[in-house]
Structures are given as structure tokens and as C-alpha cells.
Amino acid sequence: MAGSSFGKIFRITTWGESHGPALGCVIDGCPAGVELSESDIQPFLDRRKPGNAAVATARKESDICEILSGVYEGRTTGTPISVMIRNSNQHSGDYDELKDVFRPGHADMTFDAKYGIRDHRGGGRSSGRETAARVIAGAVASKVLSQLGIKVEAYTRSIGPVESDLSDYSRSAVLANATAMPDINANARALEYIADLKTKCDSCGGVMECIISGVPAGVGDPVFDKLDALLAHAAMSIGAVKAVEIGDGVLAASSTGSRNNDSFKALQSGRIVKRTNHSGGILGGISDSSDIRVRCSVKPTPSIAREQKTVTKDGENTVIAIKGRHDPVIVPRAVVVLESMCAITVLDAMLNGMSSRIDNLVTIYKK
Amino acid sequence: MAGSSFGKIFRITTWGESHGPALGCVIDGCPAGVELSESDIQPFLDRRKPGNAAVATARKESDICEILSGVYEGRTTGTPISVMIRNSNQHSGDYDELKDVFRPGHADMTFDAKYGIRDHRGGGRSSGRETAARVIAGAVASKVLSQLGIKVEAYTRSIGPVESDLSDYSRSAVLANATAMPDINANARALEYIADLKTKCDSCGGVMECIISGVPAGVGDPVFDKLDALLAHAAMSIGAVKAVEIGDGVLAASSTGSRNNDSFKALQSGRIVKRTNHSGGILGGISDSSDIRVRCSVKPTPSIAREQKTVTKDGENTVIAIKGRHDPVIVPRAVVVLESMCAITVLDAMLNGMSSRIDNLVTIYKK
Amino acid sequence: MAGSSFGKIFRITTWGESHGPALGCVIDGCPAGVELSESDIQPFLDRRKPGNAAVATARKESDICEILSGVYEGRTTGTPISVMIRNSNQHSGDYDELKDVFRPGHADMTFDAKYGIRDHRGGGRSSGRETAARVIAGAVASKVLSQLGIKVEAYTRSIGPVESDLSDYSRSAVLANATAMPDINANARALEYIADLKTKCDSCGGVMECIISGVPAGVGDPVFDKLDALLAHAAMSIGAVKAVEIGDGVLAASSTGSRNNDSFKALQSGRIVKRTNHSGGILGGISDSSDIRVRCSVKPTPSIAREQKTVTKDGENTVIAIKGRHDPVIVPRAVVVLESMCAITVLDAMLNGMSSRIDNLVTIYKK
Amino acid sequence: MAGSSFGKIFRITTWGESHGPALGCVIDGCPAGVELSESDIQPFLDRRKPGNAAVATARKESDICEILSGVYEGRTTGTPISVMIRNSNQHSGDYDELKDVFRPGHADMTFDAKYGIRDHRGGGRSSGRETAARVIAGAVASKVLSQLGIKVEAYTRSIGPVESDLSDYSRSAVLANATAMPDINANARALEYIADLKTKCDSCGGVMECIISGVPAGVGDPVFDKLDALLAHAAMSIGAVKAVEIGDGVLAASSTGSRNNDSFKALQSGRIVKRTNHSGGILGGISDSSDIRVRCSVKPTPSIAREQKTVTKDGENTVIAIKGRHDPVIVPRAVVVLESMCAITVLDAMLNGMSSRIDNLVTIYKK
């Protein structure tokens, strides 16, 4: 209940502080029989890793993962999958002067209010580093979903004022560009924008979007656990996300029923599809077989080298300029985190939905 | 797990279909000793009730609630509070022709895909009528929060293109205006806009916002159960909500760190406050003692009298024009639902957070 | 979290006090498509009903149930099934003198310590009357299990010193005998024993046992949610149960490995069975396809007309002799409650286990 | 939901197979501010460790634990506490011939039925080795409880036919005796009994009991999460436990109300106590301030060197004699596991119960 677990059947628990000895994830409830090894997980971690000096911190995080349980002879056994990353290259010294000062835009003050004690080194538990553990689980969930023909792909939609041109979407560009934008021109302009901000000791935010394709109609629950509500929960739990939109999102508010409704049509095959997808693949909280679209607005990195007014733990007014290595924008590295949270959420909803009909129960148990 | 429950300690379970015999809510985990009667709940239900012909359906829903358990001699006993509303005035006949046709923008198709059976009358379980049960729980949560000096107030921020002028916010205007806007001029213009849409057999959406004030710093959990993540879950679970924003929301994406960070200052009293509130009262998932701001974009009502293309349950292409009584915009009635979901979420997080420190445990058990 | 819910997927929530206006149960997560009506539930409630003057209270509890949601045209829809029983024939006056006195063996003192307030009438929420709501859910679970060929049958094994002869087990005798014993002679002797105790203003306990047959191998989870652990939780949650045994139970402690191990054999069909069933149908927390045997020891009814020493709410020593209508032994009426809790537990474990293999996921979603 | 987690607020998740690289436990929800280091945990692990050749396997399990997160400068921070034990001295080769054969009395067959794949080495996830992870959490829970003046102590009550004389209970004897019996004579006789069984290639079971003292009245929930129901769940989830009794347990069934009821008396201080403790410290599912007594019957170790009939995975009849190092009785090592599960359960119930009254909420949040 302290909130380090997510999901009901495919249930993940993350642990670890930014500058502690290690961090990790325990995945309970992964179906047995799925081929899995570290090589399925490492590429996800690598996408989250800093490295490109233009957009990310110069910290070297090797982030080598080790599977400690739940896999036998290359397959999941249905028992908890524990995966760990040892921390290294910790410049804890960088944080000594932050021990008693609350950084604006960070969780320092609120952790102190809640717990009365905190590991201040690198943000401790509130560090973005915790998301490495989510990405582990996301890699596993994506592997399972791939066996059902489901793809989960996220990308950077905008950085500050620079927007991608989605008419020319290319997955390989997303993976190749330092910004994780699908558009080579936007990537270049965004890098320039970021470079300029760095000279001003400032930072920026952006928008990222995830498309989940191949989910059959009928996934998600009505009422509180609507698939969009679960996705909103998942996405908003990523630090720095300040808004979550499904389908047309905020634009829906200024549309009209006649424009916003997606009319249905029946294909020759008998399959029912929508002519448009304003809904973003979800109707009444349940998937409608169109692509599911989740969009997140991410705030600017709060760690900036510019001087800011703040207070100490003991209530003294002071100023702070945050040194150390910090991402001028976190969106490019957060894209794989969004992808991971979406994969975990959709897989969990699918596992959960297996019992929605008595026919399914008979199919599984009377075979 | 079928998703009709919400909350962990203050845990609510709703039940009931639009045109079934009754609907209701069971609240488990409400602290004992709170004064409570039907008169605390009825005003919340009345705000959700249709009635103003300009903005809402002409259905008469009396929505008289009855407390069936959990209250003894005017106080909560700590045992489940069951509250029921008998349905009446059901024009089930209105829905006969919808039995085998999927309405665009509704959950008809997706329910059918999930369950293979559905109560089509008035949308059955997917009807907005389910929110009456949430409002019951919201009224109880609000009552508890009021004893801690916490206020939860929502209002309509915009309807279609008409925006409220918040510089002149008045709670009594929110409660008096048919649109639940805090601004008398905007209310008038919105009513005109809606009247015009009705003549065109069309509908519109809008934006609603909730302000939660008085929450001390330290409420909410880091990681997955961040207070903003729980609020996003809660708000997105309200039918027709397509986007949830916290604080500056989507605008944060195009801001910079130096503008978006809220600097701290220490008051004479030693209390630490923020000079601005871009964060919307939450930092790192934990309340920072500023007002918590939650904003929702609501899609246009999908039920419109205009002819739309669609399909039958059996996969035949057809057209539909939806008759019956429908709200041309649901925002005004949804405002109290948002307020309710926010109250439930914050109270639950506070109950959950009581155990965050060993000192608290000692205080309660060694007294 | 206040503990009025049970189960994870087939999740039930009960509510109501002994002498409040009504009591009921909400079942969330029942698979769609199951034929269900009040006539499936009423026979379970009737078995729980007092009536036989020899063994039960003379209270007339009609216990007529009403399904308020979740069933449409005679079938479950997958949405919450809410079932209510209106209370009647409440002799609240009988309890007036108990308002401020703690009855020995009852929860009066502990409720007061926990909540600081309680509905004392008829025991309020701690009354055995709450089990009527469990029996509603048990009837529904049994109906679902019957479609998988699974039977759940409980009976009285002993009352005080009188033991049933199980060599002559007959289900119809269980249903016909006032004691719910499967043996007509034991029934007669038990009734004599009870009659004698009543003249002495005393009460007695007994043992009840439930046999669950037809569960395939592979149901239940390893570690904390072993099927036997869930059954122990379920059974021990029935008021007055003081011991739960699985299979040979307490006798296993004095056995040896060579005698206690059940050896396997392969049938012609390839099916693997056990030659004996000391394990009671569960190995390592997972069903082994043998009959599951759950046995409960039930304490004597604490309400006795004999004078007992006790204290008032305000800490004064006093004496009490409990008047009113009370069962001299509760085992016969508790048998259907045990049956219900076992049915709910096994069904929930089966729904939960559907996702244990990737093959099952592919079967359900790629059909 | 795959059952590797236990508890609601103090929530533990265990992971790891007997012969995998490591095993561990993640504790989420431990209150912040508790002094904690490996030296609090190691003594618990040492008590569980095999070593005494007379009663336990000759395996050398060093079981050195490492805290990986959640503790900063010697105190818990409120974030997840991850503790790991690297496995060593794994004689996996011992298990090669068990790969395709189902051992009687073990979970081999049932794991195979559930998952279709299993790590057979040393029993994999179903090995008693998993309990090392529970003991880690138990040590932490005990540390927290000690700050509230609560003690949790378990011991061996009987081994096979040899019963301890409890009139002479000594905690130091429990810790010193190889059998964990509190009685030096019984210990000697039990060791003889075990030695004799070993010569016969056989094994035995026994009874263990846990006393929890110092719990104030008012802990636990009515209905499904009665404190005794949670303890039964916890205790029955320990492999090999076949019966759980609370207080007088099975003896209550043959008692009478007049003998079984514990009458109350008021002390000079105003405190209300019971004159006897047949109830085992719990009334109506809620603690009554007397000692809580939980008793478990443990089946004989199923691994015996004697030849037994069984089947292969492919359904061939065969015989098996289990080689390797196995405990002739597991009770002595299970005592600290029972203690751990009881500590976890009581602490979690106490954390959960903090919110039972509005007064408590006001105390914590309006200070």
C-alpha cells in the first residue's frame, strides 16, 4: 500500500534508491512458458540510458540487469521474476550540499513532510532512476504482448515549441534520433532549442505519445478500472508528467458530438471497425480494437544551474543553483518508460479480462 | 477485480444498472464516529440531478437515497455504509430499438465484445447513472474531510468555446448557474451556445476543474500511487473524460524550468510555502500544501438526434438517430462527480498515509 | 480494507447489521452468461434459516432475497450482482439491557475498543446474521462451479461428544436432519444431548466438514495464496470457528512420512491420481485433483441463559444472564456458510488461475 | 495475484527458487524512522538455518542477508526495503533424477499441472527455502512491534508423540534446544525418537505454537479479515502446515458455553481483562488484549529415503527413494517462520487499524 506495486495479476513491485547499492523489480503473475532472458530486457534499459550529450546527462549508467528468479531453462515458470541492477558511478558527493535544502520542483520538501527522513542522494527514491525498474517490467510485458500480436510504441511528439511532423512517422527514426522524435527535421530543431537553453542554465519539457496496436475489442473494465483510467494512472505515475490525454484528449472538449463520434462500419469479414478514431481506441473504458493513443505532457526538468530562491529543511530562506549532471529535457529518456507503463497496463487488463465470460472458464478448465 | 471498487482503505463499491430496480454504493472503511445522515448525501445527489431544461435531459430522477447500514444513532460505526437509490420513471421503451444497434461513441459495442451479453436499456451499467452511486460516496468523503478543514470544490471552466472568467470566482454562482460555471456572463453565453446546438441536433463538451484546499504537505505516495496518479485514475474513470491535467497541465510541456519551478519561502511561522503553484499542489506525487488543481476535458455527449452511420450487433451496416431525453452537454452534471472522486481519492490517501511514520503508530497505540 | 470484502476476481462485499433495515452482498467479477435468479439463492438461505426448535432459535427470519443488479433476462451480465434481504421481526427490545454490558464470548468489548461506538442490537455487525450475505454469494459461486462439474458439500461431523458415522454418508440425510448430520442415529443422539444442555441453560459446539469434489489439478497458488491458506482464511472468518484442518489435519502431526505420503499412480487413461488422500486434495498449496477436505471446529454458542460474571462499558463489575432466542449450537446452521465460503474461495482461485500459462492467454485472445 | 505477496499496508513480496542465484524479500509500507540493519535480521535467519545434524539437513546454508534499499543512515525511510540472500552450496546434481518424477507429498505434480513447466531443483519455488525470505520480513516486523511493547514467540509443542511440558516454559530453552522445545526433557526424548526414525528411513511431524503478547484490545477487523482469519491464512501458507488452531482450537468443539466463555473483570485501573483465555486473545475477530495463541500441526517431511510408488511426468508408474539431505522433521526450523508470519500479520492489522476512528485521523493530521 506504500505504492511501490502496480497491476493486479501481472503485478510489479519496484525498489531501490538512486544512490543505494542496487535497484530492481519483482514481477509476480507473469504467465508461465514465455521465452525470456536478459537480452529481452537490456535493449529497453539501453533506450532509457543517458548518453547523448545533447539531450541527456553525462552520467554513465551501465544498467546491466540480472534475472535472479522465475526463469528456468530460458522460459518463465509462473513464479516471481526478480531482476536487479547494481548501481555504480554514483557521484554522491555531488549531492552533499543538497542534504538540507529543498530543491524547487522536486520532491525533497514533500518527502520530508511525509516521512521525516529521506535519502537525499540523487533524489533517493524520488529519482527518475526508479523508472529503470519499470522498464524491466515493461520489457517483459512487451514480450508477452508480442505473442498476441500487440505492439506498444512511444515517441517524442514535441520538445518545447518544436513539434514532430507525424505524417512521416518512422519507428527507426524514433530509435535513432537523440530526441526520440520520429522526424529528422524536428529532431535537429529540437537539439538546437535545447542547446540554446543550456547556455541559459534553463531546461524544457515536451510531449510524448504511445500507440498500442492490435488489442482486440473487449479489454478493460467498466466503471473505475476503465482501460483509459488505468492508463492515466500508469502514465501520471511517471515523474514530471502533468497531463494525460486519450485519443483527441483536450481537443474533445471543444468538439461537437457529430464531429467527435466515431461511426462504425462492418467489414466484409464481419469485423466491426470505426471509420475514425477520435476515441483513441477506448469506448466506455473498454478497448474498441482501434489503436489506443495515450499522450503525456511532461514538465521541464526542475534541476537547473540557475539560482533559485528556496528554503532549508529547518525553514531558513536561502538560494540554490543545482550543480551536477542533469538532463535538460527528460522526454527522450521517458519515452521508453511510457511505453513500459502502457505495456504493463494493457497486459494486466488482458489477464484480468480472461474471466469475463463463463465460456472462457469452461474452455480453460474443461479442456 | 471487475473494477466496481475504488480506494484502498476508504473503499467504495458501486452497483446497479440505469434501468434496473435500484443502484447503490457500499463504503467500507469509513472511520467510526462521523456524524452522518441522508441529509448529508441528498444535496450532492441533487446537484447531479437533471432538471434545468436548457442544459440537461428532461428525465425526472428523484434519486432519493436510503442509508441501509453502518450508521447508528446518527454516527458512522466503522462498518460498511450501504446506501441505495430505487430507480423510477424508467422509459425502458425508449431503448427498444437500440437493443441490437451499437450507438457511436457509446460502450455498446465494447460491452458486447467483452461480455457477450448486455443490458441495453439506458446504457445499462455503462450509463452515466452509475455516477449517482459515486456521488453518495463523495458526499461521505467530503463530510469526513471537512472535519480536517479540507474543502473540495469543482466547477465548469468552459463549455464548447465559452470560457469562464475565473478572476471573479464565486462558489454560490457555481451552485446557482445551470452550467455550474462560476461566472454569470459565461453562463449566459454557454446557454445560448447549447440552445443553438440543440436546434442542430448536436451536442458539445467542455472542461471542469476541481480545487482541493487545506490538504497538509505529505499526503500521497511516491512511485505508482502518486497522489496525482490516483487523481488521474479517479478523474479518467468518469465516463466521457478524455484528458486529465494537474496544475499547469499541458501548458507545462512548453514552459521552461526557470518559469515552471515554484520557489519555496519560509513564513514567519516557520511554515514552508510555495511562491507560485504551477505544480498544482503536488510534488513527486505528494501534496505540497498548496491548492491541488485537477482539470478534466469532457467529450461531447455522444447521444445526438442526428442520423449517424453504424452497425447492428450482427454486423449489418445501418443508420441511427438517437431519440429520447439526453443532455446536450454533460459537464454541468459531472462537476459534482469530479468533486466526489477527488474527495474519495484524497481521503483514502490520507487514511493510507497515517502509517507512514513509526511515531504515528506509537501515538495511536501507546496512548 | 475494513475487511468486508473477500476474493480477488470473484470479489464479494457484505454489508448490514443484525437489526438494521436490511443486509446484503455485492458480487463483483462474476463471469457473464451464467443463468441466475433468486430461486438459485433462496434454497441456500433457507438452509441457514432457523426453524427447528430443537437446535435453533425460535426467531422467524424469512430472509427473502432480491437481486437488484447484474442479471438481465435471466443471465449474469458480468457487472456487479447486488442482492438484498430486508430485515424483519426484529425484537430490538430484547437487547436493551445489553447496551452497556459486554457479553462474555462475544465481540461487544472488542468492537468498543476498536471503534468507540457500536450498534449493540443483536450483535450489530458481529452478529451471525451477517453470514446470510455470504450464503447469497456462496449460492452464486456454487452455480458457477456446477457448470464445471464441481460439487461443494458440507455437513455436521459432530455435536459435542456425538460423532457421525461417515461410512453411511447420505447427502439427503444432511439436508433432512435438523443437525445437518449425515447419519440418522447420530442426529437423534445429538438432539438429545442438546435438549439436555438447554435444561441446564448451557450450549455446545461441534465440528463441520466440507468436501469439494471435481476440482482439476493445478488450482491455487504457491507461497502465500496456497489454496489451503485461502480456505483457512475463509473458514476461520466464520464467527465461532476456532480451528481449521485440511485433510488429515491435526492427526498429520503424529503420523510419519511413510504413512502420511499419498503415493501416485497412473490410470489407463493417463490421468495421475493418488492412492490415498491424507493431503486433503492439496499439495504445495495447489489442488491435486483428489477431494478437497476442510474441517472446522466450532465453539459453543456464547449466549447462555446462565448467570455469568462480566463488566459494563464503563468498567463496573456485574453479572449477566442472556435472555432472548439463541441457538444452543450453531453448527447445523453454519454448515451452509462453510459450504458457501469454500465455493467462493475455490471459484476465485480458478478464475485467478486462468492466466497461469501463456497458452491460455493465446487460447482466449487469439480465438 | 500470483500469491507471492502478503499483507495490505506492511506488504511483503518474496521471490527466488531453492537453487537459483538468489532469493529475497521486498517489504513495502514499513513505517519510516525505525532503526534497522542486517544485524536485526541475521539472528532470525540463523534460527531457520539447518545445522544440528540430529534434527536437520546437513546442508550448509550460510544465508547471509544484504539490505539493498529502504534504509538510510541506519533508519527505515518508508520506501521499499529490499533484502537479498545469495544462494550457495547448491547440490543441484542431487536432483537430476527427480527431473521427471513426481515425489509423493511434494508439489511436483501440482506445479506441473498448473504451469506446465517447473524448476525441479530442490523443489524450486515450492522449496521450504522460500521461507528464508519470510523470516527476513518477520525480523523487520518484530522490530517494529517491539517498539510498541509487543512480543511474538513461537516454540515446538510436540514432535511425533513427544509433548513438551509447558508448565516449565523458558524462552532460552526454546532458543538453545535443537528441537526448539521449551523443555529439556522433551527435547532429549524427541531427539531419540527422530534418531530412531532416521534408521527406518522415515520422518515425522509435530506441533508448533506462537504466543503474541502485548497487543492492545481492538486490533483486527470484523467479518472476512478477522485477526484469527488472517493468522490462519498466514500460518496455513507455511508449507506442511495442515491445521491451524486459535486458543483452545479443536477442544472448543467439545466444550460447553459455560466452560468455554471467558468472563470479564475490571481491574482497579479500569482496564478490562478476561479471567481465562479459552478464546486465545481474539473475540469476534478483534484482539481482546489477552495473549494471542496460534497453534499449527505440521505434517511429516515428505522426503524419505524409503522406496515409494509414484509416477513420472509422462504418466509411467515407477518407484522412488529420495536421496540427498533432508530434515527428518521440519518443525524446529519452522518455528521462526511461524513467528515471522504472526509478526507480519499482527503488525499489518495494527497499521490497518489506525484509521478505524475519526479521532485518530484528527490526531495525526491536525497536530
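Residue numbering begins at 1 within each chain, and the chains themselves are lettered A, B, C and D in the order written.
In this section, contacts are C-beta pairs under 8 Å (C-beta built on N, C-alpha and C of every residue); 3 or more make two chains touch, one makes a residue touch a chain.
Since the model is a prediction, treat every value here as computed from it, not as a measurement.
Q: Which chains are in contact with both subunit A and subunit B?
A: The shared contacts of subunit A and subunit B, listed by label, come to C, D.
Q: What is the minimum number of touch steps required to go from subunit A to subunit D?
A: 1
Q: Which chain has its C-alpha centroid farthest away from the centroid of subunit C?
A: A
Q: Could you let me know which interface, B-C or C-D, is made of more C-beta pairs in contact?
A: C-D
Q: Mind checking the centre-to-centre distance between subunit A and subunit C? Centres are C-alpha means, answer in whole Å.
A: 44
Q: Express in whole angstrom the distance between the two chain centres, defined as the mean CA positions of subunit C and subunit D.
A: Subunit C and subunit D have C-alpha centres separated by 26 Å.
Q: Would you mind pulling out the distance in Å between where the CA atoms of subunit B average out and where those of subunit C do?
A: Those two chain centres are 38 Å apart.
Q: Could you list the positions in subunit D whose residues touch two or more of the other chains?
A: Within subunit D, the residues that touch at least two other chains are 1-5, 8-9, 14, 29, 32-33, 78-79, 114-116, 125, 216, 222, 352, 356-357, 359.
Q: Under the stated contact criterion, what part of subunit C meets subunit B in this complex?
A: Answer in residue numbers: 1-5, 8-9, 11, 13-17, 20-24, 26, 28-30, 32-33, 66, 68-70, 72, 75, 77-82, 84, 114-119, 124-125.
Q: Once bound in the complex, which stretches of subunit A touch subunit B?
A: Against subunit B, the touching part of subunit A is residues 1-6, 8, 14, 102, 104-107, 109-111, 113-116, 125-126, 130, 158, 160-161, 197, 200-207, 216-226, 228-237, 239, 242-266, 270-272, 275, 278-280, 282-289, 297-304, 306, 308-311, 315-317, 352-353, 356-357, 359.
Q: Help me check something: in the complex, which residues belonging to subunit C touch subunit A?
A: Touch list, subunit C to subunit A: 8-9, 29, 31-34, 76, 78-79, 144, 147-149, 216, 222, 350-352, 354-366.
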